[in-house]
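Should a chain be cited, it is by its letter among A, B, C and D, assigned in written order, with residues numbered from 1 in that chain.
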Amino acid sequence: MSRRSYANALAEALATAMERDPAVFVVGEGVPDPGAIFGTTRGLRERFGADRVQDMPISEGAMTGVAIGAALAGLRPVMVHQRMDFLLLALDQLLNNAAKWRYMFGGRFSVPLTVRAIVGRGWGQGPQHSQSLQALLAHVPGLEVVLPATPADARGMLLAAIEDPDPVVVVEHRWLYGLEEPIPTAPEALPLRGARIRRAGRDATLAAFSYMVVEALEVAERLSPLGIELEVVDLRCASSLDLPTLLGSVRRTRRLCVLDTAWTAFGVSAEVVAAVTEHALGALAAPPVRIGLPRGYPATSPHLSAGFYPTPETIAAAVLDLVGAADRSMRREALRRCRRRTPGDVPHASFSGPF
Amino acid sequence: MTADDRALYRSMLLIRRLEEALARRYPEQEMRCPMHLCIGQEACAVGVCSALRPGDRVFGAHRAHGHYLALGGHPGRLVAELYGRASGCSGGRGGSMHLTDPAAGFVASTPIVGGTVPLAVGVALAESMRGGHGVAVCFFGDGCFEEGVVHESMNFAALRRLPVLFACENNGWAVNTPLRERQPERRLADVARAHGLAAREADGNDVFGVREAARELVDRARAGGGPAFLELRTTRLTEHCGPGSDEPLGLRPTSEFEAMRRNCPLARARAELLGRRAADPEFFEAVEEEVAAAVEEAFAFAEASPVPPPEPPGTGLRAA
Amino acid sequence: MSRRSYANALAEALATAMERDPAVFVVGEGVPDPGAIFGTTRGLRERFGADRVQDMPISEGAMTGVAIGAALAGLRPVMVHQRMDFLLLALDQLLNNAAKWRYMFGGRFSVPLTVRAIVGRGWGQGPQHSQSLQALLAHVPGLEVVLPATPADARGMLLAAIEDPDPVVVVEHRWLYGLEEPIPTAPEALPLRGARIRRAGRDATLAAFSYMVVEALEVAERLSPLGIELEVVDLRCASSLDLPTLLGSVRRTRRLCVLDTAWTAFGVSAEVVAAVTEHALGALAAPPVRIGLPRGYPATSPHLSAGFYPTPETIAAAVLDLVGAADRSMRREALRRCRRRTPGDVPHASFSGPF
Amino acid sequence: MTADDRALYRSMLLIRRLEEALARRYPEQEMRCPMHLCIGQEACAVGVCSALRPGDRVFGAHRAHGHYLALGGHPGRLVAELYGRASGCSGGRGGSMHLTDPAAGFVASTPIVGGTVPLAVGVALAESMRGGHGVAVCFFGDGCFEEGVVHESMNFAALRRLPVLFACENNGWAVNTPLRERQPERRLADVARAHGLAAREADGNDVFGVREAARELVDRARAGGGPAFLELRTTRLTEHCGPGSDEPLGLRPTSEFEAMRRNCPLARARAELLGRRAADPEFFEAVEEEVAAAVEEAFAFAEASPVPPPEPPGTGLRAA
């Protein structure tokens, strides 16, 4: 095992994929620049050359089409967007072409395209630089949309995405990049589909995507000493939900809270709730709960947006309601334990902007 | 050279007669999909494709029967595709607006205007990264030139000096909207040139002229000279979508239709071949017969293909 | 009262809005052409002039931005897309600008933009010309997304959309265009929000959007003689669900079936189910059911795509399960009554393509 | 004319000193948002805006402090916006990348590259439909020229002969990517010209030259002569985003930074004013003092503005 940050794990996945398969290349605005996409493309140009580690014009639409064309010709492009918001300029290509191509031509083609889309948050990212648009992608048939939440998954799922014969979007939340854990030294692909139970518990199921897995685990850890045992299910893949794992958990705990990094309304969390309800209505002892973003935008001002994102404390409050924890002083203690001390607009206290 | 010239005529004739048959039989309600005929524009497809080699790869858009056939795409599988049979070139999933025959070099066509243009550039990028010698071609219309993705594509192709030909069939119309209501007075080729492409204009109804212009640009691209743009001025003799004519709409004076008909690329090629004594009247009789048989065979192929059962929902989206 | 088709009702709304307010103008590919957007812009150019009834270059992205700019300058643009699929080229402008503008600048601006998006179906529209993308729009805060299902609503809601100070997308299903009904002679705006109970019933709630209201009503009519009384709720507006009306209905019938014209997975129907479950779990006597499109595309071939769209018969089958109708011969009779005789790829028997 | 010339200098100085103060104080962690300084590019904003009249309307992008200030936008409300106060020009919702001061003629800036370009065209369309005499201006960078929406916008503006100026500040970089890695060798103005726009190139660090070029194009547009494109070659003296310099990155040789600093638009304007005797050393001393006071006042305004309470989620999305 070796310690890796989420960002390093991504860089390692890219290097490994490029090493193994000469058809793999990386393209995106700033891919070879000193910032190296928050470090995730560091060293690649030196190692694999300018041809396979490409910058690009600010032309998200056409360049997505160029990547699709290159994929049709047998290459394996990895396209990177520093903010997922820029993908809105590429949705025609991604949804009308990449997602449909295999189907439209009777299975004669394969589009092995990987898109890395980074979700911004905090430090004044504001309305146009903070969107988590997985619901738009998961709705349209033909794309796989995955959201790794750990360094191991970041490396393993990016590798699997690149190896996959069909288009995959890897949604990476910026606040995960600093996360570290020991992972197997040898990089291997991990399945794109399939949820993982990150923590077992009997009182409620917290089913989470991406960065919300971190928050769910934090809440679970902090409530455990108070006798509340939460099961945390990392859903990992949005487009193909792992219903067996999820339903198994919900049937045990009988309570469901879904956490997503995007707007709650019409988000992927709605699909999770709907699917669970359709399949296991009788198992639910309480109405399911969704936690995500309210119907609005984070103001750039940290003062204005202080209440915008869920926090361990607000999550705990919802979970306490869900499990029916009525004891007043226990509630107070639970919320106190979950309170954060760092400013709400940075991933960790030592962050000093900008990004 | 003259055998070659006659082959161009034959290719145009096949497109014309096959499309005429499609139009004639469309009302039978067996071809249940939108259909954009290229009658009047055959010389663009045939002239450009005659400048290509095996290994070159072509993309089209919504009006792509001609490109498919000019490359040697299977006529029966084209008709079967419109008939919705599984033997169609796209397995019946695409209809007239989604054609493919990779073996013939026709990668694909799709109906979103501008959608395939950057794909051709991507194919050229792959070719250039691998040091191959293939050229990519995208056919598109004057209306498509208004999509930003085309300009982004030209910029990138020029930046990387990619072997790609942007073949713009300018028929002066997008659906029922004339060019002057969509673009200012200016030459398309000038825009492409300003983007850094080699650019030429040609009479898109003169198949020999188109071939000459395309050859120059394709050969240049193949030799590493970078991307090129070819504007082909041509005439759409049918309505935008469907089997009929738009003459009754009264959008253009009758004189314009008459002029278009006089400017028919087949009639012009025939006159030229006769004038140059590269073909005699017997040739034209023989080729008509041969093409009629090919058209008949294509329809017979389609009609003999079994009607497929309903597709289980959600099949074919991704590899297993 | 005067009889109007859905298409004529839309044309009347545009004419009325342009008459009442000189700031209103209509723009879109083919708006002034003889096809007149399936008749919905017929006669407008003659009446209001070329300046206010504009064709446009095939530049969906920039032209949406142009419309937003014109709206910022005080005009009221109505932009028309003959297929909703083309909107994917305009999502950056629609979602990053129109939806966010009022918020981003502290409420200093208003973007009174109306977008008409037409959903294609049948006659070989195929994967790229048949998409019903309301879920993508409803998810992003700031847009109102409405789906009128009747001629009266088509006229009244389009008028209201144009009068609204903020951006509204009107989703029009092509198969509704031929629908006729008598509506009040004088055109007036109708509320954009608020569901309508189109038919009362005690056995289950069919909550439907757009064209699916027609299908739901047909099923309800045909099952009524068999003693099954279905309540049909026309949801009308996706972005702002009318929960009170919907929950009221579900609390009475205790059974919910949601019908949408789009893919079921991650669609607006998921939000409806999730919202109902969160608020009225206890009222549900059976798991809710969603009816929409499967995770795939309609083949252009009518033979291949014969099973793709829901039909009154497949809807009836699901509803019979939902209400627990076990009697075999009654089921058979119910399905027989709902069977359609027209080909599945045309809105009515007299249709002969293309469109 | 010389009072006017001195005003241009003062305007550039205000931008420079205010941004220097922003950079100096950025590490205090009170301005918690991305920030793109325009130090080195002041002459573009000031020269173009000096050619405008009340009623004209301007859009910017991510690097827009200069445009806002050059039009006379309120400096205190700019700083307050970066400080996240409700007294900020966008109520604190936007920060550095979302500015507005409609009264000053600055409609807005947003950070999606290309996002505001068609909006300016839309404002010009409205103006032309209503028979007004206002001109719309959009500022954008050389990188933005790669977005398709810019080309779509130019085509439409030329088609309708709209009164809009496309002001392209070409600093040769997009983030850390030089122009040559994004575009082929060719002149931006040629592309605009090919699209049917009047086009000029100017030294973007010569404020008087910029004004002259902008005047010609703006006056022409106002008189009904149609849209125009102005390329301004300029220099970004700071890093792309943030308060520092990118010199330590080593992406460009030190000599280039030295050349850029010698080419400082303020130094050049000062030398010219002195040379022409349009201003004396006392003027420069006085204006420094005056501007320093204005900058101080702007920060004082921001700091005196109360820290706003958290906004209730979902407020401000639509009219009630």
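Throughout what follows, contacts are C-beta pairs under 8 Å (C-beta built on N, C-alpha and C of every residue); 3 or more make two chains touch, one makes a residue touch a chain.
The model shown is predicted, which means the values in this text are computed figures rather than measured ones.
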item: Least hop count linking chain B to chain D through chains in contact; value: 1
item: Chain separated most widely from chain A, comparing mean CA positions; value: B
item: Rounded Å distance between chain A and chain C, as computed from the means of their C-alpha atoms; value: 31
item: Whole-Å gap separating chain A and chain B, where each centre is the average of the chain's CA atoms; value: 43
item: Centroid spacing, where centroids are CA-atom means, of chain A and chain D in whole angstrom; value: 36
item: Residues of chain B touching at least two other chains; value: 88, 91-94, 98, 110, 112, 115, 146-149, 152, 155, 159, 181-183, 314, 316-317
item: Residue list for chain C, restricted to those that touch at least two other chains; value: 56-57, 59, 61-62, 85, 89, 92, 96, 103-104, 126-128, 141, 295-297
item: Graph class of chain-chain contacts, one of line, ring, star, complete, other; value: complete
item: Of all residues in chain D, those that touch chain A in their complex; value: 26-27, 29, 32-35, 81, 83-86, 88, 91-98, 110-115, 143-144, 146-148, 174-177, 181-183, 241-242, 249, 251, 307-317
item: Residue ranges of chain A in contact with chain D within the complex; value: 29-30, 33-35, 55-59, 61-62, 85-86, 89, 123-129, 294-297, 299-308, 345, 352-355
item: Chain B residues within the chain A interface of the complex; value: 57, 88-94, 98, 100, 102, 107-108, 110, 112, 115-127, 129, 136, 148-149, 152-153, 155-156, 159, 314, 316-319
item: Complex interface listing, chain D residues touching chain B; value: 146-152, 155, 158-159, 161, 181-187, 190-191, 193-196
item: Complex contacts: residues of chain A adjacent to chain C; value: 61, 85, 88-89, 91-92, 95-96, 100, 103-104, 126-128, 131, 135-136, 138-141, 238, 262-263, 265-271, 273-275, 277-279, 281, 284, 286-290, 295-297
